[in-house]
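Next up: some structures, all given as structure tokens.
First chain A sits with chain B, and in the next complex the same chain sits with chain C.
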Partner chain A sequence: MTPTPGQSTRPERPRLRARTVGIAAALMAFSVFAAREVGFDPSTFWEVWSNPLWEKFWPIPWDWVFDSGNVLQPFVETFQIATISTILGCGLALPVSFAMSSLTTPNRPTYLVSRAVMNVVRAVPDLFWAKLMVTAIGIGAFAGAWALTIFSLAVMVKLFSETVDGADPGPLEAARAAGGRHAPSLRTGILPTVFPDYVAHALYVFELNVRASVVLGLVGAGGIGRVLEAQRQFFRFDRVLGMLVIIFVVVWVIEQVSVSLRKRLI
Partner chain B sequence: MTATTQRPAPPRWTGERRGAIGVVLLVAMVWSISGLDVTLDRLLGAPSDAWAILRQMIPPAFARVAARGAVGKVFESVYIAWIGTVIGALLSLPLAFMAAHNVAPIWIRVPIRQLFNAIRAVPELILAVILIPITGLGPWAGTLAIGIHSIGTLGKWATESIESIDSGPIEAVESTGGRWVSSMRWAVFPQVMSTISSYWLFRFEINVRASAVLGMIGAGGVGSELVSHLVFRDFPAASAVLALTVGVVLTIDTVSAAVRRRIITGGVGGDDSSRSAEALSDLTGINHR
Partner chain C sequence: MIRLEDVSVTYPGGVEALRGIDLTIGDGEFVVIVGLSGAGKSTLLRVLNGLVPATSGSVVVDGTEVVGASAATLRQVRSRIGMIFQTFNLVNRTSVLNNVLMGRLSVVPAWRSTLGLWPAEDREAAMAALERVGIVDKAYVRASNLSGGQQQRVGIARALAQEPGLMLADEPVAALDPVTSRQVMGDLQKINRELGITTLVNLHFLDLAKEYGRRLIGLRDGEMIFDGDIADVDDDTFRDIYGRSITDEDLLAMGDSPTDGSEGG
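Entry: the complex of A and B
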């Protein structure tokens, strides 16, 4: 039966299904349980807000912050860690990414093994790597650089191998058809088309590394975080806040520069 | 007449440019290595040190760490991540409606967007450093840090999905005389909720990793277990904790990705690869594009 013009039947209201209710109830129950486990209590919001300790964060001792030995010098170390690990990690990532893309991999076992290994490496958070390296080769920036190199490698191969996957296979087929061997074919058939993305991803990884290297020191792996951790343990929260302001500004500036460079590249 | 094609002229100065870039990279490497206080024997010794520890890590001492309650600690990390995500989701949702350019006026949109950006710029770990003296050591510090940080990214993602909706339903509600709240509830909400809830799940995946790290500075969860085993150089135990963490992280990733795929079928906008790039940027709060 068709509705008369100017009058339409109202669609039936969707019914609430038992499964939907069940899922919602399960999620609620899990949330309530988890909230108890982490010590959630609405009153804690107010306690956090009204805690007298906040006063310890103020005023910021700017003359201490700008004294070159206190913050500037460890900050330089932070950059050194970020720079070397970006260069090493991204350099290593180039061949590994080619192995990890189905388009450019030399053979099936290499493809599977490199993917599996890199998935596991990426599942370990960066600071876990830092702590492992500190334990293995001693406290300091050297361990931090090692950890971030591994971390950069893992992130870079993820980003870059996806770019390679999406590359135009035509030039590569042409190079192979002309009798090119594996490495030279990649060099002339794929690399020129994906290189701008490679550089853009590398800049992005550098940004990540600057951020990660700021907190590395919290686990003893050098850089500005070392000073942050020390001042935290002395309960000099005013100095901590001052350093955080500086970190915030520097990281923000680097991000802006890097974002504008990357926009020009792609 | 024979058709001759002119070969294009090779680009000039490529060799010189490559040389210059090489020199810059080399100088950067030398400069950065100079600051890491690397001696030759440390450099040569590092791989063998790492290898020695790797050998001690096998086999992992699962039974021993389980007896110490490591499994509970892993789950504590999951709870922290979950509640942090819930806090972030609940607080970011109303804010996102005030930040989207198609539904909110400019005077409220701009400050809220800046708030999202500012929150995203501070990593969880730094938030936890600030919060621990206030809340004391324990999972609540980590939960708050993750909750606050999640507002920034969840807010940004939700804003973007609200901005990508079809404006037809809004016009329909307005033409029947509906107010702002009704048009949000009946025109916008049904369009974006599937996408936004998949973002919540996605943020939960990221937060599981983040909360594992937060434990390292005493904000609750599995990180503290790893640190204490490594401090006592108990490598079989450390590797067991590490394996448990990686196992849980990968399991949650897989399950959550499957659920998200199920939710998103028929949802608005956002493909998986763009979100994985977003995720990476989000781990540290940087704009990828």
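Entry: the complex of A and C
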């Protein structure tokens, strides 16, 4: 059918609304106000860069960096912390996510309690968890692994419960119609559809954990972060830079592997 | 044997899906339920296995009261009722066999099905069900790689794997083309005749209803307008159920039959 002339006129381009302009102006005004309040001044930027501290970063003492006891061993520890906490946290996240989704929860109390608990867990920052664990069970990798397990659980539940929420309810209905109990119905009706996403999210959580366990070391939770913090306190910034280069390379490699694996999964 | 007495369903939000349904269906019957979308066809099937709880009234399936039954009793009732869905409700990311094994959930211990350790006799039952619908060669194929008609056959096999006494088919051919629709309806008819499984089918194509049904139930706005032998159905009956004359859109074989009224059986 050809359009009848006069019947379908092209619509006029919608005009930029006054509200949009108003919101943009308000945001800009608030940014300026916030910068003044915290004493932000562009000139401080140059002060930072002209600080003689930077000269201490060079040259990188590669001999020290590649001496296995200095960087490699703590790095392996970081890796171990990240691995164990990813496995524990993501493993726990599987049942918790099912409990937290209205589609798959066994009953209303479980739904409400699991949501409330996870909201509290998420509200506490991971660094604070690490501090808490170091205080509770002492300095070392064990505290770091515990803190990161909780962190993994919180992140994974956030990501995965949304996947479960969006899963096709049809097969679950079929499983229930066939007289299945709750857990086997979820296992056969929902899990196969969400499992690739689960693995992909777990890989992402592992990525986050490697990075986070570097930071957690700063508060005494083991791994490469502990060495980083020690060298910083000795003002050996050349060694710090060497470690940062290694961390950058390793994190980048893990990210590339994880991204390509995730692409294949979904 | 199914007996419904004064069954009403009101959904949260106030929609009355069924109003005062009285119905008795004997063993081995093949019943077709017709009505506009929203007339309560799906709800009627789902009160039978308790997927939708009846708000009031009594639903007795093989001597067991479904309304207000405990979770364990409901599972017991459901284990004897196979269900087939409009959109097949298959798990696309797993094999055909795994889908059919879902029909064995009620008899396999929870820990075994949760771990995926299905007993050999249940695998055998699933394979036999696939053989009956003629797609056993696809047992290890991903469900998403099958055509619509094949997927619905997997749905039928899953229901058959339960070794049910009652089969509920909720618009089983609405997502299929005319040729495949007839094959699937033929499968259901064959199962009804050969295995003696009581079968209830929701349809919205009138010619399919007349071709395959023996007994017809007509729903309109949640009320039962007609219940009787398919041979007694005439155009006036359909007009009562649909609130208007029959058009081509109510027929599966569009264009093959004369418009309005003269489609005969």
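Keep this in mind: the second predicted complex is superposed on the first by the 227 of 266 C-alpha atoms of A that agree within 3 Å, B and C clash if a C-alpha of one lies under 4 Å from a C-alpha of the other, contacts with A are read in each partner's own complex, and residues count from 1 in each chain.
The rule we apply is simple: contacts are C-beta pairs under 8 Å (C-beta built on N, C-alpha and C of every residue); 3 or more make two chains touch, one makes a residue touch a chain.
Nothing here was measured: the structure is a model prediction, and the numbers come from that model.
Aligning the two structures on chain A places chain B and chain C in a clash. Of the two partner chains placed around the shared chain by superposition, chain C is the only one that A:181 touches, whereas chain B remains out of contact. Look at A:110: by the touch rule set out above, it reaches neither chain B nor chain C.
In the overlay built on the shared chain, the residue A:170 is in contact with chain C alone; chain B does not reach it. Contacts of A:40 after superposition on the shared chain: chain B is touched, whereas chain C is not. When the shared chain is aligned, chain C comes close enough to touch A:189, but chain B does not.
The wider contact with chain A, measured as residues touched, comes from B rather than the other of chain B and chain C. Clashing C-alpha atoms between chain C and chain B turn up only in stretch 128-136, chosen from 128-136, 164-172 or 218-226, once the structures are aligned on chain A.
Touched by chain B in one complex and by chain C in the other is not one residue of chain A. Chain contact summary for the complex, chain A toward chain C: residues 168, 170-171, 173-181, 183-185, 187-189, 192-193, 195-196. Here chain C touches chain A in the complex through residues 49, 51, 74-83, 85, 87-94, 98-99, 101-106, 108, 110, 113-114, 116, 155, 158-159, 162, 168, going by the rule given at the top. Interface of chain B with chain A (complex): residues 25, 28-29, 31-38, 42, 45-46, 49-50, 52-53, 75-76, 78-80, 82-83, 86, 121-123, 125-126, 129-131, 133-135, 138-140, 142-144, 209-210, 212-213, 216-217, 220, 223, 226-227, 230-231, 233, 238, 242, 245-246, 249-250, 253, 273, 276-277, 280-281, 283-289. Considering their complex, residues 30-31, 33-35, 37-40, 44, 48, 51, 53-54, 56-57, 76-77, 79-81, 83-84, 87, 119-120, 123-128, 131-138, 140-142, 145-146, 155, 158-159, 162, 204, 207-208, 211-212, 214-215, 218-219, 222, 228, 232, 235, 237, 240-241, 244, 247-248, 251-252, 255, 259, 262-263 of chain A touch chain B.
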